[in-house]
Amino acid sequence: MRPVPPPGETATAFRIPVRVYFQDTDAGGIVYHARYLDYFERCRMDWLRACHGPVSRLAVDSGVLFIVRAVAIEYLAPARLDDDLEVSLAPADVRGAQLDLRQQVVRADTLLVDGRVQLACVSAAHLRPTRIPPSLRDSLSSRGSTHPSPACT
Amino acid sequence: MRPVPPPGETATAFRIPVRVYFQDTDAGGIVYHARYLDYFERCRMDWLRACHGPVSRLAVDSGVLFIVRAVAIEYLAPARLDDDLEVSLAPADVRGAQLDLRQQVVRADTLLVDGRVQLACVSAAHLRPTRIPPSLRDSLSSRGSTHPSPACT
Amino acid sequence: MRPVPPPGETATAFRIPVRVYFQDTDAGGIVYHARYLDYFERCRMDWLRACHGPVSRLAVDSGVLFIVRAVAIEYLAPARLDDDLEVSLAPADVRGAQLDLRQQVVRADTLLVDGRVQLACVSAAHLRPTRIPPSLRDSLSSRGSTHPSPACT
Amino acid sequence: MRPVPPPGETATAFRIPVRVYFQDTDAGGIVYHARYLDYFERCRMDWLRACHGPVSRLAVDSGVLFIVRAVAIEYLAPARLDDDLEVSLAPADVRGAQLDLRQQVVRADTLLVDGRVQLACVSAAHLRPTRIPPSLRDSLSSRGSTHPSPACT
């Protein structure tokens, strides 16, 4: 199994704990592959909340929404019932209307799932691509990056 | 296992086929209990469509929505991966703002899941309980009841 | 809306926090009704773990499994995106091979969902109903009941 | 929106119809992005069944299982409640222990989701990568490819 990246690279990633329940597993005895996208979403929403506030207020406050534009996921090792996992997020690129994230699932020292998620910032009114507002971009870049913003933790 | 009711009782119920995939199962090797509510919803939406048209047009055409108010489900025998099931619906009571349905899941001659679902008709504008419009009530009563309406099949 | 029961009745119920994400909602803008069964399961598994240990060890340690035999749920008020909910569990009856639970979902002071879940204890080997082992029954009765077992908290 | 590929390229792809229900949507009013992986799985299982038989017999008959090793998905346009979609599959590469598939979701003439799914063939006994049995490989290559096998339709 692939070891997790050295701490220096992801020490500042945003992380949440996730426990595996029956609802997440399938008849193969492992976590169903689509469920990891659910885990990723929980981590993204908590991350957005950590710097900006509840995602349902984003449209009101900033007039924008984020939608998933693309995902690429490698499944390296399975998770199983009762596992206590850690789901992480680190911004890889933030520019224009696009937000690229690295998202991973780790159990103890083992990297189980390695993903990239591309979000598009769209206007809440017409769902058309629109630049990420500068104040939001700054807070997203600083939280869960390699240049942590202590004020935002 | 409990045999399915005699044909006379449910011969006119509305039925859809459902196949069991990995996404529906859990690590116990059987269909996860909450998935049957998903199966029930597919059957209800197809039934509403059969007499009225797509559910997304109901609010526009009639100014009403249906929301789930209560469910009661007995799990009699498990379904498994690759099973070909039949999900059925028969109106038990339609009056005022309330629609009571009997919904079941059957595999071959075996009743697996026996449920009752109570829907509330609410105004699309304020989500307040409102009488089921007479024309809609008539079409719901006639389709999937013990007095089938051939014109509605 | 129905107020939550007075603290005296459920003060000792087992509780977990659950946040609502997009994955839990539907196009009606509220939590999809089947998702509450997922919330209930998370609470049950955490409760079993609190007194006995991970559920995946139950079959090994005690030779038994719990399966859902019946559910009855009333939906009193909707939950929405970003809501922070509390999901609770209190044993209502534990005897023979049967375990009856009361499970609820609350947001602040409002009871949103009120449910009863009946579990059957079955032998892991043949999935036949079997008495709940006495030591397990005692720990289940004491945790999340009106007679809390401090040692088990 | 991107038009679907010309018929010549995918005329022989394996296709199934999928209807969108409330359970598939989220509070944004569109199909939740992870649900497309569920749609893809239904199509893969039906495809495996079309040439080989139920997937649950694959381990018994051939001693192998397929697990998802990687996915890459582009979301081009949203699907909504009541949409009637077509989910397709075409083998892109079959060799050694690896099976690469192209999977798409189309509504009328519009390509909504474009995906690639990589499966690994593993021994049912030890879950270690193992060559796809020749007879299975031949049937998988011929069905849903650009060289259709009429006998397998």
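Structural remarks
All chains are identified by letter, namely A, B, C and D, in their written order; residue positions are counted from 1 within each chain.
The rule we apply is simple: a residue touches a chain if its C-beta (ideal position, glycine included) is under 8 Å from a C-beta of that chain, and two chains touch if they have at least 3 such contacts.
Small disclaimer: the values here were computed from a predicted structure and weren't measured.
Shared contact partners of subunit A and subunit B, listed by label: C, D. If you compare C-D with A-D, the chain pair joined by more contacting C-beta pairs is A-D.
Taking the mean of C-alpha positions as each chain's centre, the chain lying farthest from the centre of subunit D is C. Averaging Cα coordinates per chain places subunit A and subunit C 29 Å apart.
For the pair subunit C and subunit D, the distance between mean C-alpha positions equals 36 Å. Chain geometry summary: the mean Cα position of subunit A and that of subunit D are 26 Å apart. For subunit C, residues that reach two or more other chains under the stated contact definition are 22-23, 28, 34, 38, 41, 80-81.
Contact residues of subunit D toward subunit B in the complex are 19, 21-23, 38, 41-42, 45-46, 49, 54-57, 80-82. The residues of subunit C lying in touch with subunit D in their complex are 22-23, 25-30, 32, 34, 80-81. Residue ranges of subunit C in contact with subunit B, taken from their complex: 28, 33-35, 37-38, 41, 65, 67-75, 78.
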